[in-house]
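Before I ask anything, here is the structure I am working with.
Note that the chains are named A, B, C and D in the order they appear, and that numbering of residues resets to 1 at the start of each chain.
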């Protein structure tokens, strides 16, 4: 098992390198002179000169890229020119909040999504099935930011039982987690249901019935584990989705997470901060994919560990 | 090498009824779609929105851009069915005009995404080895970016404009389609009718066009109807974060964003456009689900 | 039997098996391992064997659907393995293939007339009318009504689809056709219809068949000569009747005896049953590949690979042929 | 009910499929009898309804299929309409089934031993897991699986087709079922492995004295294994007889045609004459021909064949045939 994880980690290093290359190109090379972009904010010339010197912008692009990678490896993502603080510390402060939000969103989606999907597959074409699927479809279709506003309006402004925004206690996490979790729970529930129904068509399910199993045992003992394979794969892809959702939810609910930092960095044209935020989240996504990969190989014996 | 898999026996009942299927692929799909109420409602709603977008100038009760400060924040009523916003503009008219941008932003990037994804997916799947490795590694990297963040970075670099939104949403979307099409191509490539074409000496690009692509259509149809709502939602999110459509364009996402400060005393300003987004996205999802069920037998082929 | 249409010499086809994360090669499957034989004009040479013996791989390699790892195959004097892409494309007119699975061998999105016309479109510049006539003629030839041309494959039964596949293979008037288990997936009554059709077409168009099958009864009826393969090696080759009456290789003897016979009286005869499982092509046994299942195995069989011995018109690869 | 050793009696079974394109009479008024210790063959081509008959016995017909009529008497009990709970206690215990595709009939994510033990534990509530494991290993040895202890915890993808079918047979006979239904058990196997499996089934049948319904399209297997044979075509039984009687003098044109059109590996057949073959195709079940269902493909068809559906007529010593020639 260990060897498998080590191998997977080794593979993600070139991927991370690739991502940093893409990010670097998009932020430094394509826009031409990053300082020109910053100038849009009418910054005083001395600040501009300081940043130009600090970022050695006169060196050729590839030199700057390898310096960026070298510094990144030492945990130094440059300094945010707007807040004049090290990008790394800013991100590390914000990371726990995003993690809390993303994890609670993920939990909401798994704890509600999977059982709901199984239930509606078991009770196919029943009222329960239709309502679960309707609710999931709503979750998938609803714009996350709009749902946030709606929740704020109903639960904070009208009912006043939950804080509108901010992040100084668990109760601040309830609405954002639900809003974020609802859409991914919808995806997971729909996928679990269709995957389970698909698996039920296999020959070994017919064998399980021919043994004299109760239908519910056929579903839970034989079909469920097989149906989890595609669900786990989607969970990996969902990590990226959750982080996208987090970006919005953090803005709506004013949660000081990495997403919020990224949005502010864009609005204030703070390139080093944005670059750091993007790198940070993509590494999170890769780790998420790794976890899902390992989960997948735990379920499916056909995948060897060697 | 393969065992004597006597396919005829396993599909006894299917074989019996299969023989009398006289419909072509499209007739069969349309017949099952017609029976699916949800898909039909979805289709009708989409049609309404398209008509609304086309005939917006004639339908909209007021001029969406006419600022009239002394009737700010009017409650939804007879005069303004959905009330007015902070500049006294009629919310309903702005939503009607907004449908033009939102539908455009739903369709155009999806088309770009699908075409890039199809070409790269088929090429990667059919040729395999190095081309496959390169294309798939890039797509894995693109998929590692949270899509919204990547779109934001693109908007940051290129600046906010309608064209740039198309580019941003396409850069994000192609990887997903490419992976699906590649998987489909890999399974089709080993099918005997492709081997037969190669045995006849048909050139690879013709094999891709005549044999591989048409058999991906069922999968692509489903993907397309689910890609459109995806990009509508993405654009709305971008606009909400102030990185998408810029004024005076009245994209629904922007309207929600402008209305969020006045949520307490004028909730309709932010909530009404959100409902429009929800309805059109739901409609596409209804249609997409209906299509997937109707195409199910063909998806597994 | 006049001069050989095709001379196959030491053909090998290996597949790398890449397991592990980095996809590094961790083994090779010797699907076809040093096979040599001749194919004579207008004959039906059957290649029989169980799964994993490499018969389908051999068939596909000989018409270059797969590229051989080693060896040569001279077709009318020219080695097809060393032909350039263009030369190969010209050669396609001479060699064709018929497949086993009626459901997978026809493009479901194409009309039947287009499927049959594809070879004509690819190789000959015919007018539309002329091409339609040729397609109609081909459909009549294989016993299908012209009117079916505008239909799609899913509207046909297995037997009819196999006829469409045959019509496609005949479109360019080939000399040599690889039939890869053409009747295995069909019902008994349909099977005999297709066998008769193949036979009629062979006589009318002087076709040469490489008939790949695992059905020893169909092969006895239909083939002139038979080659028995096991795990990539040719165990025995010779005229069909002689091989069935007096098999030289133990595997041939047991393989022929294995299929149950449709005559209840033979049910209580002592059954010749080969024990053990088919070894995996990834780790073939040492020496003679059949030694793990051979009831007459000796020590030499385990260590030394048997030389191919020739008897007049017959060959066998066994240290102790059943002479 | 006369007390003889009939273990299973199916009378006028009708299993119809109510598809959106019409009703498919997959099994149309079929009557079959199986005696204790007897191997009964149901032979026919695809779409003839033989598999649907077996699935009806096990009550495993999924919608849109339904048992529309007739009775299935097993051990004097009519299975059609009994409680789900009672049927479950019979499935896998008193009647068990093996299927055609050993590759896909086992659950890929569970060890094979555990899957066989499950059948045992389902029908023996007070049996401990360890005891069940012991019995399974014993059964694995009995069905000829080498190193049974090691193979207990192996996953299906690590076994060959032949070994997987042996696991399926072990699973079917672990509770010493009275009736084993084998639906094309060796069709997907190589011929040398098929010979092993057929021999194994014969030995086990003798040892456990179970009755077997052998469903196949292969008349060679019928000749070798079965005592009594039913020939099915388009959902109906066309002929039924003792195996020697059927092969010696087949009466129905379809049976006769089938026997004549099979190539033989044990005898030289002159190629120049061509193989006898029954023309035409299996009829489509939604537009069945009027009168005798075989008449469009029958050499001896006369006008009467197109009007009236002949009945199964007993020609003596249990040889029944459904053909106008014998209906006068």
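One rule holds in what follows: a contact is a pair of C-beta atoms (placed from the backbone, for glycine too) under 8 Å apart; a residue touches a chain by one contact, two chains touch by 3 or more.
No experiment lies behind these values; they were computed from the predicted model shown.
Chain B has the Cα centre that lies closest to the mean of all protein Cα atoms in view. Looking at B-C alongside C-D, one finds more C-beta pairs in contact between the chains of C-D. Chain B and chain C have centres, each the mean of its CA atoms, that are 47 Å apart. Chain A and chain C, compared by their mean Cα positions, are separated by 53 Å.
Inter-chain spacing, taken between the CA centroids of chain C and chain D, is 32 Å. In chain B, the positions touching at least two other chains are 3-6, 8, 15, 19.
Under the contact definition stated at the top, the residues of chain D that touch 2 or more other chains are 45-46, 101, 161, 190, 217, 281-282. Of all residues in chain C, those that touch two or more other chains are 51, 157-158, 187, 214-215. Per the touch definition, chain B reaches chain A in the complex via residues 137-138, 140-150, 152-158, 229, 233, 236-237, 240-243, 253, 256-257, 260, 263-264, 267, 270-271, 274, 277-278, 281-282, 285-286, 289.
Chain A contributes residues 202-204, 206-214, 221-222, 225-226, 299-302 to its touches with chain D in the complex.
Those residues of chain B lying in contact with chain C across their complex are 1-8, 15, 18-19, 21-22, 24-25, 191-193, 195-202, 206, 210-211, 214-215, 217, 298, 301. On the side of chain D, the complex with chain A involves touching residues 58, 60, 88-93, 96-97, 99, 101, 104-110, 118-119, 122-123, 155, 157, 168, 171.
Residues of chain C touching chain B in their complex: 31, 51-57, 60, 63, 65, 88-89, 92, 95-97, 99-110, 118-119, 122-123, 152, 154-158, 165, 168, 172, 181, 184-187, 214-215.
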